[in-house]
Structures are given as structure tokens and as C-alpha cells.
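Two complexes, one shared chain (chain A), two partners (chain B, chain C).
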Partner chain A sequence: MASRTVAKDIITLRGSAAIVSEFFGYAANSILYNRGVYPEESFAKVKKYGLPMLLTQDEEWLEAGKLQRVVMVIMSKATKEVLERWNFSIETDSDVVEKGVSREKSDREIMREIQAIMRQIASSITYLPCLDEPCVFDVLAYTDTDVPVPFTWIESDPKLIANPQMVKLHSFDTKIHKVDTLVSYKNDEWDEQ
Partner chain B sequence: MDPETEFLSSKRQTGNEWELFKENVRPLKRGRNVDLLNHALKAHTNDQLKKSLLENRRRLIEAIDEYQGDDPLQPWLDCIKWVQEAFPPGGDFSGLVLIYEQCVRAFWHSDRYKDDLRYLKVWLEYAEHCSDAEVIYSFLDANDIGNTHSAYYIAYALHMESKSKMKAANDILNLGISSNAQPIEKLRDAYKKFLARSMRRPNATEEELKEDDLPVRSFGTVLARGESQRQAIKTFELGRNKLKQDQVHRTPLSIYNDTNMDVMRGHHSKPSTGSNSWHTLGGRAERNKENNAMPAKWTSHKIPQRPVPRIVGAVASSQIEVFVDEECEEKPKVHDEKDRTSSLQLRELDGRNIKKETELLRENPLRNFPSNSLPR
Partner chain C sequence: MILRTPPPKKQRAEPILHESPSPQVASEGRLVIYEDNPLAAPPPESPHQPSDHLLCTYQCRQMVKADFIDALSNAEKQIRDYQSKLEILNENLSKAEVERKKFRDQFLYAEQELAAAKGREQMLHDQLLKEVNDSQERFKKQLETNNELKGKLQNELNLRKKAESSAASAEEKAADIEGKLTQFSQSIEREKKQLQNELSQLKGESKLSISRISADLERTEFRANSAEKESELLKEQLEDLKKQLNECLNQKSEVEKKMSSFTFQEVTSSESSILIKHLQEELRNYESEVREARKLKSSHEDIELLKAKLLEEKGRRERAESELSKLQEQQICLSNLEKELSLWKLIMKDIPGVSCPEDIPVKFATLQKEVIASTMKIGETNARLKQIEVGLDAAQLAKQNAEAEAALDKEKAEILKSEVKRIELMLSMVTEERNKLSNAINELKRHKNEEAGDEVASGTVVQELESSLAKKESCIKELERSLHEQKEINDRQHNEIKMLHDRLNNEARRIKSLDRETDRLRSEISLLESKLGHGDYSASNTKVLRMVNTLAVDNEAKQTIEALQTELQKTKEKLQALEELKSQSGDTGKLVDSYISEKITKLKEQIATLEKREERYKTVFADRISVFRRACCELFGYKANDYTAQPEISHQVDIFVRKLNSIPAFTANLTVESFNRRTLS
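On to the complex of A and B.
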């Protein structure tokens, strides 16, 4: 009388890393698109060649349990001033990493949580300042200190915003990786150019 | 620890009213403070909070009066920012348009603020709320306000572009660049984007020639100009109410003029053009029909009664507010820097017909300005 395990409810470390990495892809695309960082015409190009390269590295780090945070930084192209920071902070279940156990959670549930975050990202124009100048973006990865820096990445300062306004969005949890989302942006200045 | 890390590691959450009521929130260019926003949205359904909001507004208005420092514009800005955050949908009931108007009118003659970017921004935001902002831009031009800032030229040019006056827009941007308005890069960038857009436009040479924008007057016998003038038929409503409340209109809906229409549609109809010639007087019976016709039901339309929405801040009393005409009330002294009497008017926001005043200002933003200040 062995109970039937629904295969898709089992989450492995690798599976979870894949889900989280995929989420970063969706989120990053959504942010760049919604915030107008790239004009619509060049967006397809960015999607194909820009982001995936950044994100395969994330997946590796996630599997090793060494990724702490991924931050997407949006800056003014002209002045390089940081205007917005999209923070995705990750808590990894160390048991899973060390002992290779798996967890249980339905895919659908996870997807629902992710969708809730995606909806919030799109709705954020409600409070985010208008980005009416050309902008560029950067992806920062916060890793454990013992992680060597791959050659496609460089060490960087955190590019923080001084006195930011901050909004915490929903989080999602695969039971192996828990991801919190926070967006921070510059305070309003009535006399800013 | 940086503030973000601190926030992330704490158990603090941000309320989610902003997401639940996002349709009721007008996005601001400068962004919003989410905590204030959530608070304001909660106030929608909470009388206690609503009262405290109104109390706050009153205090900020008083602060304008009582300000003793050397930057009298600042308390106005504090008030404006607060009203924008506290009344997320904006709209005619927030009193925002009135505050803009009084603020700009308080300082238009002041040399001190001619080049102040903050002051210019109040003007620009006021312009965004008006049905035709061109008169505002002309005013700024005639009075040398804000012409060292790129924001002025960009906004002015965008407005002209929206009216398809491409040459004017082009000239304005060029003027800004040659005047070295700051920040110059932003202006150059805006110009590049403008050029790209104008390339994509279908050739609109007709509009180019008509720099004179007086409306063509017609008396019901001329068909509405071109298909591009078609607008949705304005819903007839008894009394002016909710139609424009939650929308920031730059232009009011114009009424589609169908000359074949001979069914009475309330007060907005034009007389039927069945017999549009004045050459025949018609038979006696026809001439006298108003006196002979039996009253009949309006069979074609049933106008639903809509309850008049509560004006924010109005006390629920059975009295009807008597609107006092501009001419009959005290004229505020425009030249007083502290401008006590004009903020007295503001204080009366609570008791007054905010919406009516807002609508009047939208249509004629400079109506309170002395006539010698207006551009010829």
C-alpha cells in the first residue's frame, strides 16, 4: 500500500534553482520593459542576447546555495545616477544543499506566487517616479565570499540609492529557495532637473 | 547596514492598498511615497482617517499664511505635495487645481522665482490640468518665467506637438537649445526624439498653415469638420456630475454634431435642420406649435437619476451651498508677498464649491489674473 507520490510536487535543489533562475529572467524582462529602459524596438535583441548570459551563472550559484541576492540597478544613462533598485534576496535551505534532500510543494502554488509578484512589478507605475530620460541597467549578484568571480563578471560597489523610498513586494518560496522582492527608488525632489 | 538590507531582514511589510486600489491612483511624475499612498487609500473607506486628512490639509494651508522664513514658496510646495499624496485619484475634488492656481498667482510678478525650477514646475503641473494650456505657456513666455530651464521648452513643445503644430514645436525646442537652457543634454535628447516622431507622422500640411487657432464658428448648418472630429456622443446627464471627476482631461469631450439628428436630445441638441432655410415662415400651425403641442413623454431616452456625489469636506447638511460669484467677493491683493487674503480663500476650500471652481479654472486658467499681466 505504498502511497503514490505526485512526481511534480517534489522539488529538488536543481529544480528549485531552475525555477528561481527562470523567475529572474521573467522579472528582469518585465522590469526592463515596464520601466522603458529599452525602447520597444530593441527589446527583442536584448531578450535574446543580453539577459540569458547573465542568468545562467545565477543558476549555478543557486544550486550551490551561494547566491544571496540579485539586484537589478537602473541608472541614468547621462549621469549614471542610480534611480531604481530591484532587490531579489534569496534564502536557501542549507539542509537541502548539504544533504541533497528534496522538498514538497506544488508547482502550481509556486507559479501562483510568482505571478503575484509579476503583477505587482507591472503595477508599480502607481508609485514609481517616471523615468523620462534614457536609462541603462546593471545586474548585481551578491554571493558568498568564497565564490570566485567568473570572468564575465566584475567586482562592483553596491550602487546604492541615498535615502531611498522602499516598497516590499510579495515573495515566493519553493521550500528550498525563498525569494523576497524589494524595490527602492529615489525620493521626490521638487527642484531636481 | 544599508537601508535596503535592513528593510529586507526586518519583518516589516508594506501594505498592499496601493495594489488593491491602483485604478484609483493617478501616477505622479515624481513618484509617490507608498506609505502615504496606502494611508490615503485607506481613508477612502475610513471616516476617521478622512477627517484627519482634511485636518492636515487645513494645517498646511495655514502654514502658508503663517510662514515667516525667506522662501515663501516652500510651504506652498509642501501643501501641494501633500495634497497629491493624500488624494491619490487627484480629480476635481482634491482642490489641487485651486492650489496650483493660487500658488502661481501669488508669485508671478516676483523676480525671485522667475528662474526657480520649483516654481516653474508648479506652472507646468497646472498646465497639465487645463483643457488648453497654450495660454499658460504664452503667459510664461511673455513674463520671462522659467525660460532658463529645459523643462519649460520640452513641455511647451510637447503641447504644440499634441496640437499638430509641428513647426511651432520645432521652433520652441530650437529656441531652448540656442538659449542654452539647462540641462542642455535633456533638451537635445528631447529634440532628437521629437524629430524621430515627426518623421513617422503622416503628412499633415493643412494643420501647419493654420497657426491661428481660433475655432471656426458654425451655426449648425455646417457639417462637423472631417471624420477626425468625430467624438463619442456625450452622455447626457442632469446636472454636471461624475463624468469628469476621475479623469484628468486635457480636452473636454466635444459633442458630435450630427445634422441629420432631429430627435430632441435634452438641452444639448441643435435645432433640427429639416427646414433650415429662413425663407419660408411656415404655416400658422407650425409657427404656433409650441403653444399647441400636447406635452408628451420623451420616448427615446430615459435619463437615469444619479445621486450627486459627496463633495469631500462638505458637511452633510440639508442646506444648499450658495456659490458666490467672483465679482461679489473680496478681490485678493495680488501684490502682497505674504498674500494673506488669497490663502484665506484656500482655507474656504472646505466650504466652497471646489469642483465648480476647478472646472472654471480648467477652461480658463488665467481668469483670476489681472488683465495687464496677460499676453496680448
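On to the complex of A and C.
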């Protein structure tokens, strides 16, 4: 899937964008599965939740260096209150975007870093509050102001949580894109007590 | 000649000397008459002189007088000289006394300064001692603090070792748990892969079903097209056959006519019968051809059905093969799951406090919390260790500074001691000088008393005084120089100390400001991180986009797909019904075709008749309307061609004809206007 040269572990902008977009797909799936946003049995039928659209669009934005953040927001279906916010911040090496140079990093190391994050997402259920009510999700993208809005996206508010608890997870770096993961969630009443 | 002049003074000194003993002798109680020194008496002269002596006594007296007067004058001169010398000497003495007083004052001043310097030296010495004591006390205190800090360090090191050991054990536990977690994650990934494989297989199945459905659709479409084409062909054939039939019927009718006309001519009856036979044969041929066409059509349909069945059988075979492979994979999965179950059970036995699989996540949660707590503790201990290390470094720096200060103080003390020694040496020198001066003064005093007779000694004494004065002056100058130098050194040291103090204060202030800045920056960093994590952004650089709810779009698409599928099914059912109808009845199809063709001919005839009627009505209407227009023109006298193009007339028509319903008013208005136009123009 990701176009990267195996020999000498050279990473190009396109390859890095493919890796990052693939990671977003896996991470989103993992979050929705682990947080129980949709029941387990519906996982086979509801294919990818429209994420192919997300993957293709953010790959374009990543190659242009215009994507700053991707946020997955989990909200209550009834009240539309934001319960969790999974924030993936992206730092792009502007030299690579402008000059088209490539970088060198081992594939194995990148995959190891991604696996660590996936494991942390899987283990996040131990400290995140339970989602007892039916929930829905939204995907937000923080982009530069000069990016044209495609027809599958609309401008929106950032859907913030008031006084959240924040937990910073690991990050991974392809030497072209650096992705930091952070989850902020609404304080559970039980925890406050 | 007898000299009766008095003897010179020197000789008087001698008599004085002689007198001195004489008074002493007299003082002893004896009376001694002064007589001319018999020694001084000139030796008796030669005998030839007594006569001269008796003769020239007056001249001699006069001469002696003159000589005496000369000698007196000389003596007086000498006395005056001596008096002037005395006065000069007295002046010198007074000057010397004044200078002595001055030097004495200076000496006293120098003594006072020496005493002050001594006092200052003692004070400095005391201060030095105090400072040395203070520095020693500080040094002791710092040593004590260092020892305490060392003890604390050792305690902290022990704690750190314990914490490290506990951290290592926790890390080992965490590594074990991570290993187990990796195993679980691997198993989960395996299951995921399996599920994904299943998903892909289901996708393949769905694709196959979709392809099957599309193939069915295509088949049905093809069938429908082919059926339409066949129906068209059959219709064409039917039409041809009808035409032929009609021709045949016409021929038959002609033949019958001919037959009727030729009833009397029985000779040609065999030819007509032959014709009829021919026609009947042709009919039979055509019927046979139609039957063959129908057979071909049925065979085609059978072939297509067989092809569809083949495709279905192929699909079933592929499904069966895939299911077989699935079976094998599932068997492998089963075996793997059984192995994993056994592993799980073993792990459950290994993990303490876990009795059933449901306890495992709780146990993992507790272990993770413990790991988190231990890592936090490790972080805290590391922070404390760092603080202690910083404190140690600061203490060591302070210790080094104190040692340096103590060394400096020692050097200062040594320097001051050397200075003190030097000053003591100077003092001793000055005291020696003072003693010398006092001795010189005493000598001066003595010499002053004996000054009148001995001027040479006074000159040497004066020289000695001058030399001693010069030495004193040099000593005093040296003392002053040393004092000045010491003052300068003290001032320099004071200035250096002040500069160092100022530098220390500045550095302390800088450190405080830097600490404040680091705290501020840390708080800012934490604020920014919280803001970043919170999701804040600047609207000038960033905009937030939301993905349109693709699930709703998918639902809509699904609904449309479902609707299309229902329509497809309906069309399929219709086609099937049509095909069944077609396959069931061959003759009824023919009848249906004839019925349809009859209906079509009837409709065509109706259309023709209606068109004819329309043309007739149009012609009649054109006639009538022309007649009507001629009548109107003759009646009203006006003929309007295309009045709608003329706005005035159309306006008048609207007002008079449509609103007022009065044609005479319209015609009257027209006449008036036309009249006005003609007359006015």
C-alpha cells in the first residue's frame, strides 16, 4: 500500500503521507472498536465508516503539508455532548514539502512506534470512563486557511470539551511527518468523587 | 725688650685650667697669690741691655702702650669676632633648638601615628582574628553541613538504589506484563487478521454475488433483447407471412374468380388445383419454417438456460472450494484458539490473584496503575535526586568559595602579619632613632652648656644632629610611604571586596530572575500544552473542517440501491412471466400477434379517419371564416388584418369590445380617429 523503497529505508513525502493516512485509518477503527461506539457484531457490516474518503483526502493534504491535526470526536447520540476527543497533531518538515528531498528511517522502527500507539489505544479502556449511552463520532481536520473545502467536508466548530482530563500517548515520526497522539475526555463524575 | 703685654687667651685657658685647680686648691683652704708665671718671665737678657733698659723706659712704655693698645684693639676685634661668632652660634643654637622642637613635635606626631598604627594594627589583627575565627566557624559549619549533606546523599543514594531496584523489579514486571500484553495483542491481531480474512472472503462472496446478479441482469437483459429481437423478427416474419397470406388469398380469390369465370372451362381446372396445391405446399413450407424457427428459438433459450446453469454451477463450485479452504483455515484457527486457551490458562495460573478470565483485565488495570504509580514515584525520586544533586553542587560550590575565601583570608592574615612585622621593625628602627635623637638632644644640651668655649665641638654636634635629622626624615618618609602603600592596598582590597560583593549580588539577582523565568516558561509550556491538547487554535492560520456524515450518505445510497434492486426484481418477474407465456403457448402467441396487429390496423384506420375529418373541418372553417370576414367587412366597413400588431387598435378592442361589449362604439371611435387624422394631417 505505501509507496516506499525497501532498499536503504528511504522515505519520500508520498510514502510518509501514505503511512500516516494508513495509521489514521487503523487508529480510527481501533478507537471505535475499543470504545464500543458501534457494537462488535456490526463491525463487519459497517465497512470502514466512510474512512476511505478520509484516507484519500488527508493523504492529499499531507502531501501538500496543509494538514495540522486530525481529531476524532465521540459524542452522545442523544445530547450531542462531546465525551472524548482523540487528537492527532501533525508536524510536517517544510523542507521536504518545498524541495522534495527524501529522508532515511527504518520501516521496522516506524512500525514499532505505530504498534506502541495502537497498544496504548487498546489499553486506554482501563482509564477512560465507560461510554454507557449510544454514541456517534465525527472526524475533524485542522487545515491551513487557504485549503479549498471539498464537497465531502464542511467548516465546523472545534467541538471542545470544557475542563477535560488529558492523557498524552506516544508519538511516531517518519522524519517527514511527526504525529503526536493525545486523548482528552470529560471528567467522569465517579472519578471526581 | 721686656714684654709686659698680657698673655693670649689660650694661655688664659691654661690658667683657667690652672685656675680651676687653684680654686679647687683654694677651695681646699690654702691661699695662693697670683704671680706672673715665672716660666713666662723672659729669660734674663744679656747684660748689655740693662743700660738700654734704664734709658728707654718711656719709649718702651710708649711702645708698650702702643703695642698694648694694638693688642687691645686686636683683642677687641677678636672679641667682637668672637661675639659675632657667638651670636651666630647662638642663632644657630636657637635655630637648632627650633628645629629640635620641630623634630620633637614631628617625632611625637610620628610616635602618635605609630601608636595609632599600632592600634589600627591591633584592631586589624583583632578583625583578622575574628574573620579567621568566623571563617573557621563557617568552614566548620559548612563541613558539618557537607557531612550532613553527605549523610543525606548516602541516604538518598540508598533510597535511590532501593527505588532503582524497585523500579527494576517494576520494570521487569512491566516487561513481563508487556510481553504478555504483546502476546495478547498478537493473539488479538491474529484474530483480527482472521476476521479480516473472513471479511475479505465475505467481500469476495459479495463480489461474486454481485457479479452473479450482474451476470443474471445481463442475461435477463440479453434475453429480453434477444426476445425483443426475436419478437421483431417473428413480427417481420409474421408480416411477411401475412403478406404472403394476403397474396395467397388474393391469388386464391383471383383463382376463384378465375375459377368462377372459368367454371365453364373445366379444361384448366387441373391447373388451378395445381396452383392451389402449390400454394398449400408453400403454406406448409412456411408453417414448417415457422416451426423450425420456433424450435431454434426454444433451443437457443435452452442453451442460454444451460449456460446460466453452468455459471451457477461454477459459482457453487468456487463457493464450495472457498468454503473448503475456509474450513481448513477455521480448523487451523480452532487449533490456534485451543493453544491460546491453554496459554491463557497457564498465564492465569502464573498471574497471582486471577481466578477467571474476567479478572484479567481488572488485574491488568491494577498492574498498569501500579506501574504508572511506580513510574511516577520514580519520576519524583529522580526529581528529588536531581534537586539534591543541585543542592550538593551548590554546597560544593559554596564550600569551594569558602575555602577560597579562607585561603584569601589566610593570605591576607599572612600579609598583614608581614606588614605588622615590618611595622614593628619600623617601630624598632624609629625607637632606635628616637633614642638616638634623645641622646643627641642630651648631647646638645650638654654642648649648649659648654658651647661658649668650644665652637668646633658644636659644629660636629650640629653635623651629627643634621645627619640624625636627615636619617629621621628618611625614616619618617619611609614610614609615610609604607603607610600610604598600606592604605592603598587596603583601599584596593576594600574595592575588590565591594566589587565581589556587588558581583555576587548581581549574580544572585540574575539567578533569581532566571528561576522566575524558568517557572514562568514552564507554566506557559504547561498552559500551551493544555491548550493544544484542549484543541484551541488560531483562526488566522487554521480552519476546522468536518467530514460529512458518510454513514447517512451510505444509507441513502443503500436505500437507492435497494429500490433499484426491487425494481430489477420486478422487471425480472415480468420478463419471466413474459417468457413463460411465450414458452407455454406457440399458437396463442400467434393469436396474440394477430390480435395486436389487428388492433394496430384498427388504430391506424381510426387515425386516418380522424386526420381526414380534421382536414375537412379545416377547409370548412377556412371557407366559413372567409365568408364571415367578408360579411363583417361589408357590415361595418372596416377590415382589420393582424390587429394585435397595432397597439392602438388592440387597446381600443380591449376597451370597447371586451369591456364595454359595444361594437358600434368601437367603429364610431375608429371613424372619429381616422377622420381626425385625415383632417389634421
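The definition used in the following text is that the second predicted complex is superposed on the first by the 179 of 193 C-alpha atoms of A that agree within 3 Å, B and C clash if a C-alpha of one lies under 4 Å from a C-alpha of the other, contacts with A are read in each partner's own complex, and residues count from 1 in each chain.
The working rule: a residue touches a chain if its C-beta (ideal position, glycine included) is under 8 Å from a C-beta of that chain, and two chains touch if they have at least 3 such contacts.
Owing to the predicted nature of the structure, the values given are computational and were not obtained by experimental measurement.
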item	value
Partners on chain A (chain B, chain C) - clash or fit	clash
Touching partner for A:Ala78 - first (chain B), second (chain C), both, neither	first
Chain C versus chain B, contacts on chain A by residue	C
Touched partner set for A:Ser94, first chain B, second chain C, both or neither	neither
First (chain B), second (chain C), both or neither touched by A:Leu160	both
Chain B versus chain C as contact partner of A:Cys130, first or second or both or neither	first
Contacts of A:Thr152 with chain B and chain C, given as first, second, both or neither	second
Partner chain in contact with A:Gln120 - chain B first, chain C second, else both or neither	first
Contacts of A:Ser184 with chain B and chain C, given as first, second, both or neither	both
First, second, both or neither for A:Gln68, with chain B first and chain C second	second
First, second, both or neither for A:Ala141, with chain B first and chain C second	second
Set intersection of chain A contacts, chain C complex versus chain B complex	85, 87, 89, 119, 123, 126-127, 158, 160, 164, 166, 168, 182, 184
List of chain C residues in touch with chain A within their complex	181-182, 185, 188, 195, 198-199, 202, 361, 364-365, 368-369, 530, 532-537, 539-551, 553-554
Chain A to chain C touching residues, read off their complex	44, 46, 49-50, 53-54, 68-69, 71, 85, 87, 89, 115, 118-119, 122-123, 126-127, 138-145, 147, 149, 152-161, 164, 166, 168, 182, 184
Partner chain B, residues of chain A touching it in the complex	78, 85, 87, 89, 119-120, 123, 125-130, 132-134, 158, 160, 163-169, 180, 182, 184-186, 188-191, 193
Residues of chain B touching chain A in the complex	2-4, 7-8, 12-14, 18-19, 22, 25, 27-34, 37, 77, 81, 116-118, 121, 149-151, 182-183, 185-186, 189
